[in-house]
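Structures incoming, each one as structure tokens.
Here chain A shows up in two complexes: once beside chain B, once beside chain C.
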Partner chain A sequence: MIDALLEGLFLVLQWKAFAFMLLGIGLGFWVGLLPGLGGVTTLALMLPFIYAMKPVEGFAFLLGMHSVVATTGDITSVLFGIPGEGTTAATILDGHAMAKKGEAGRALGAVLASSLVGALVGALALALAVPIVRPLVLAFGSPELFMIAIVGIAFIASLSAQGGRGMLRGFLAGGLGLLVATVGQDPQAGIARYTFDSLYLWGGLDLVPVLIGIFAIPEIIDLVVRGTSIAGDLPKGRLNQGALEGVKDTFRHFWLTIRCSLIGTFIGIMPGLGGAVAQWLAYGHAAQSARSAEERQGFGKGDVRGVLGPGAANNSKEGGALIPTVAFGVPGSSSMAILLGGFFLLGLVPGPDMLTAHLTVTFSMVWTIVLANIITVVVCFLFLNHLARLTVVRGHFLIPVILVLVFIGSYTSNNHYGDVVLMLFFGAVGYLMVAGGWPRAPFVLGLVLGKIVENNLYISVARYETAWLTRPIVLVLMALAVAVVLYPLLQARRSRSRRAEHG
Partner chain B sequence: MGNRASLILGVGIMICAGAAVVIAMGWPWKAALFPIVIGIPVFCMAAAEVAWGLLGSGHRGEAMDFQLSEHVPPKIAIRRTLLAIAWMAGFFAAIVLAGFPLAVALVVFLYLKLQGRERWVISIGFTLILWAVFYAIFDRLLHLPFPAGLIQGWTGLG
Partner chain C sequence: MKSTLALTIALAALAAAPLSGGVQAASFEGKTITIVVGFKAGGGYDRTARILARHIPKYLPGTPNVIVQNMPGANSITAANHVYNIAKPDGLTIGTFNRNLVLAQLTNVRGVKFDQTKFAWIGSAASESTVLAIRNDLPYKTFDDLKKSGKTLVIGATGPGANTYDFPLLLKELLGVDLKIVSGYSSSSDIMLAIERKEVDARAGSFTSLRPFIDRNLVHPVIRARATEAGIEQLPVDENLASTPRAKAIMALRSAPEVVGRPYVMAPGTSDDIVRVMREAFSKAINDPELVAEAKKGKMDLEYMPGDEALKIVKDVLSQPKDVVDDFRKYIKFGE
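For the complex of A and B:
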């Protein structure tokens, strides 16, 4: 085992494999930074280029590219409030709020350090968990996956706003997200739902334009209204001093970072849930870690824990997602499905062989994730101060650049003007949500999980009728859903009575 | 502003959820199950939110999310918000009429000149740099298919 581990490292360090990995990292770096250009699309575009490569070189190239996309996507989210990737939207809530407070350097330091920790945890999980995880994956059927999704929505809806009305809005936003996800051809009967005879809507609403609209448009409007730079009129000296502080934050909240990494890994292992879900669950968990209702009020306004959680989770999920792909040939996400195609192109068959005959190749994947993330984070740190200074560039220079990125980012999802219209429509919805004090996170999670919830609910009912409700893991998850709804209410009540006691 | 936005959103969701349920009732149960199961509670919650807004104490509820700047006087904030919307609508119109490459150059230049009141040299220089980056990445490197605008179609230049 140790021999295979070391051999895997040496294989990646061979000049050709290493050069391909660097090339992949370079591509992934820019794909992550540019909003709308998805890691999945790029992975698919690059697949034909691996034909002539050896397995280790091919995976060094593809995984090197794929595993850094979330890291650099976080940078765009923090600096401009635009999700660089669908999987980095949760970083905006506190990361961009920190940038606006003049703490861009600290936010970037925190998100990069937590991304690295997350990636290492994911890679370690991949190295260790293959023999352990098989029974876990097999124990989770459609009812359990449905309940995980419900827990996720309950989690974020109850934690993303304060008070009874805030919770109502959280659940309403989550429900709206689920409802919006029903647009398009239904998977069971093939009926075109809410498409209004438009061919564009048959495939459902693409996540990228919706995310860009809902997060970027309110930020752009606010930037125009303020008439200043992103960081406002804060003294410039503070900006580039915080990077190290951000790294220290990661270690100050080390267990939170580890827990969020494990959430990301777990969600990565579960088929069909994906990174977009992992980041929101991690964000919810980070918010839950607040000791009091008052402390929780700081989330969304620039609490560094809201950066660490999603930063760690969206990187750790890669290692997790590789586990079922490598061990059972079951891809947990669309990117893993494309990677699975890479296995066959390179003449490998996922399954037991990858844990015996090709164990060194499997370990070379682990090392690729580790090395790619270390290299990316080091390179990012070298340019961190320059990146942070973008937040003091005058608004009228930044706004046209952001507008170009937003319009092209949404258009490139499907190369269709409908994407731009969709982005503008959800931009208006996002603006109303922000102006009205509604949380946007539950809406996004509802939208991401909509298809998964529907499919798993349908399969559960069709296969087990009502008996699925009594399955042990389902019951445990139900209790967890109730607990996450009640917890903030009890916490607020306790906090009120404590305040009353103190006068 | 906050309560009005909340009310618009609440009423909008009520109408959409109600319509979604009514439309779904005409579909086979397999397709209708999920929209109905979700649509009814969403309609009820939206109605509760609207009622809370109309009859309640006016308490906004704190979202764990970013908040719009409040230090700008309301009249100026509304004027600038409408201006931002106009720029975005203008950008979209320019894309449809002139196609992406031309629209990018046009909007960036006009924004710097009219909104930023920058000097000619800076406006033209910045526009050229941004356009060159846009062209190099999206056109030459990624070969993204940007369709010609309507104007090119009408004039036969597309």
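For the complex of A and C:
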């Protein structure tokens, strides 16, 4: 196995493969930065170019591109509050809040450093998982996937404000998200739900326009109203020193970064959960790491841990998502589904063979992820301070550019005017939520998990009736969900009694 | 002022008329042809369109640019509506969409704003055969074993309207096979995984998408629908096992569009010249050795069916008697 590991590295380091990887990185860099232009679409568009390549070159190209998208997508999220990718929205909450406090550099440094850690953990997981991957993935059936989604929903408890009122609002917002996820044709009886006879709504709501609306529009309105730059009128000196501080933050909260990377990897490994879930679970976990109620209130207002968690999970999930793709020929995410097409084009049949006969190719993929991420992060650091300076440009100059990106970004998801209407609608919803003090994170969590909850619950009941409730992993996850809900309550009580002692 | 404007517009229209008319249309020099795909990038319909877009230009007079535009939505009804109502009949817009749209029209699905028989049909680029594949570790080797076993077989499916659901549904309802259909899997590959962990016993789907797993000895096909491909000719065909003519008609109706697996059409009213040129180009491109080699690598099996044959099948489906259609609607719902 060590031989294969080294051989895989040398394969990637051949000049041709390496050159293709750099090309892929260059492409992915821009795709990630631009909102709406997603990694999935770009992978599909690039697929035909690999006909003439050898397997290692083809994967260096595709994976190089793919690994970078998540990293640079976070940059757009932090700077402008627009999700650069559907999977990078969670970074906005604290990342953009930091940018508004004049700490854009620090937020970017943190997101890049945690991305790198995440990618390395994901790649390591891919390498280590090789012998145990099949039993691991097969242990998680529909009942277990349902319970994972329930644990995810339980995280709403830590994403909501303290107190009964805050919790109520959080869970109501989450419930709204679950409801919104039911729009479209249902997969059991084929009934159209909430489609109002519109063809556009038939296929359900696309995540990207909704996310752009709910996060970017309130930010734009805020920027217009303030009439200043994103970072307000803070002294400019702090911007430039920030990046290094962000890197230090990553190591200050190293275990959190590692834990969130593991969450991302795990979500990536589970086929059918989808990339958008990883970041939100990691964010929920990061918010949980707050040691006191006061600390928790800082989340959403620019706590660096809220940047580190999603930053790490977003990149580590890619290594994880490769695992089922390689081992079963079953893609773990939509980009992996396209990558699977790439396997065939290159004459490889994904499946158990990839872990034995073609092990070197598999390891060359691991190395591509590692190298591509290191290169991107190093290159990004060269630009970082320039990027951060965008937050001191006056709003008047930025808003037209951001608006164009927002409109094009939503339109590209289906090339349908409905995308724009949807974005504006959820822009209004997002603005009202912010104005009324309702948390947006639980809403998005509900939206992202809605289909997973519904379908897997249906399958579990249809297949096992009630017997699935006693499966061991289901029970463990159930206990975990309860713990996740109770933890913030216990914490609040503890800090209250502590205050009582001191007072 | 107003009248001069009207005059200018009229003159401009006159000047433009010969260009868009049939006379010079046979040459596409300097033009761009758009293939509108009714699905997102990356799926089977999209990949077929993209491989054609690369190889078709050299067989068209004037070697135009051919590009692919994805127009997903409502299971590709949106794209078909666009080609039917908005695209000009100038040969510069080609549509490819869900093969089952003809069934959507047949069953009066809301939102359908096209008549399949009025499209200018280029033809079909492939036929897609549906099979039911069961786990190799189960004791049933053939469809007969399965029927005789007296045990319930659990089928994983995505949802109504997909062949993962509709094909086994008819086997259950019309042939009386003891099946339990569990739907809600988000994609056919998720069902494959459910098969690996033995959550379900079998799944239906296109032979193309199942082949890698058949090759890996995970599953084997036991019954197929009418359309066939090399390797599965010997399997029993669902409609031949039907005991009543009505059951046979319903199964035949479900599988009819599969022979026109990748439909390609242009706007109604496209001149015969353009249609002829386009059909010829498709036929040549699909047999082009370079395309064949690429398709083989991508595990795609392309086969050209001329437009008049495709149109004949479409007309056949749409001319079914009302009572058959009503029965059909009881079982089959057009959807994703």
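What we mean here is this: the second predicted complex is superposed on the first by the 500 of 503 C-alpha atoms of A that agree within 3 Å, B and C clash if a C-alpha of one lies under 4 Å from a C-alpha of the other, contacts with A are read in each partner's own complex, and residues count from 1 in each chain.
In the analysis below, contacts are C-beta pairs under 8 Å (C-beta built on N, C-alpha and C of every residue); 3 or more make two chains touch, one makes a residue touch a chain.
Since the model is a prediction, treat every value here as computed from it, not as a measurement.
Chemist: Examine A:Ala149 and indicate which partner it touches, taking first as chain B and second as chain C; both and neither are also allowed.
Modeler: Once the two structures are laid over each other on A, A:Ala149 reaches no partner at all.
Chemist: Is A:Glu454 touching anything from chain B or chain C once the two structures are fitted on A? First, second, both or neither.
Modeler: both
Chemist: May I ask you to decide whether A:Ala113 touches chain B, chain C, both, or neither, giving the answer as first, second, both or neither?
Modeler: A:Ala113 contacts neither chain B nor chain C.
Chemist: Taking the superposition as given, does A:Leu211 touch the first partner, chain B, the second, chain C, both, or neither?
Modeler: So A:Leu211 meets neither chain B nor chain C here.
Chemist: State whether chain B or chain C is in contact with more residues of chain A in the superposed arrangement.
Modeler: Touching more of chain A: B.
Chemist: I'd like to know which partner A:Ala189 touches here: chain B for first, chain C for second, both or neither.
Modeler: A:Ala189 sits against chain B and chain C alike.
Chemist: If we overlay the two complexes on their shared chain A, which of chain B and chain C does A:Val121 touch? Say first, second, both or neither.
Modeler: It touches nothing on chain B or chain C.
Chemist: Should A:Arg463 be classified as contacting the first partner (chain B), the second (chain C), both, or neither?
Modeler: After superposing on A, A:Arg463 lies in contact with chain C but is clear of chain B.
Chemist: Does the superposition put A:Trp202 against chain B (first), chain C (second), both, or neither?
Modeler: A:Trp202 sits against chain C, while chain B stays out of touch.
Chemist: Classify the contacts of A:Asn415 with the two partner chains as first (chain B alone), second (chain C alone), both, or neither.
Modeler: Both partners, chain B and chain C.
Chemist: For chain A, what residues appear in both contact lists, the one with chain B and the one with chain C?
Modeler: The overlap between the chain B and chain C interfaces on chain A comprises residues 186, 188-189, 415, 454, 458.
Chemist: What residues on chain B touch chain A, complex-wise?
Modeler: 1-3, 5-9, 13, 16-17, 20, 23-24, 27-28, 30-31, 33-35, 37-39, 41-42, 45-46, 48-49, 52, 56, 59-69, 72, 76-77, 80-81, 83-85, 87-88, 91-92, 95-96, 100, 104, 107-108, 111-112, 115-116, 118, 126, 130, 134, 137-138, 142, 144-145
Chemist: Under the touch definition given earlier, write down the residues of chain A that touch chain C in their complex.
Modeler: 40-41, 43-45, 47-48, 51, 137-139, 141-142, 185-190, 197, 199-200, 202-203, 271-272, 324, 328-331, 334, 337-338, 340-341, 344-347, 349-352, 414-416, 418, 451, 454-456, 458-459, 462-463
Chemist: What residues on chain C touch chain A, complex-wise?
Modeler: Going through chain C, the ones touching chain A are 40-42, 46-47, 50-51, 54, 69-75, 77-78, 81, 110-111, 154, 158-161, 180, 182-187, 189-190, 192-194, 196-197, 199-200, 212-213, 215-216, 294, 297-299, 333, 335-336.
Chemist: List the residues on chain A that touch chain B in their complex, please.
Modeler: 30, 34, 37, 81, 92-93, 96-97, 100, 159-163, 165-166, 168-169, 171-172, 175-176, 178-179, 182, 186, 188-189, 191, 193-194, 217-222, 224-227, 287, 296-297, 299-301, 394, 396-397, 399-401, 403-404, 407-408, 411-412, 415, 417, 420-421, 424, 427, 429, 431-441, 453-454, 457-458
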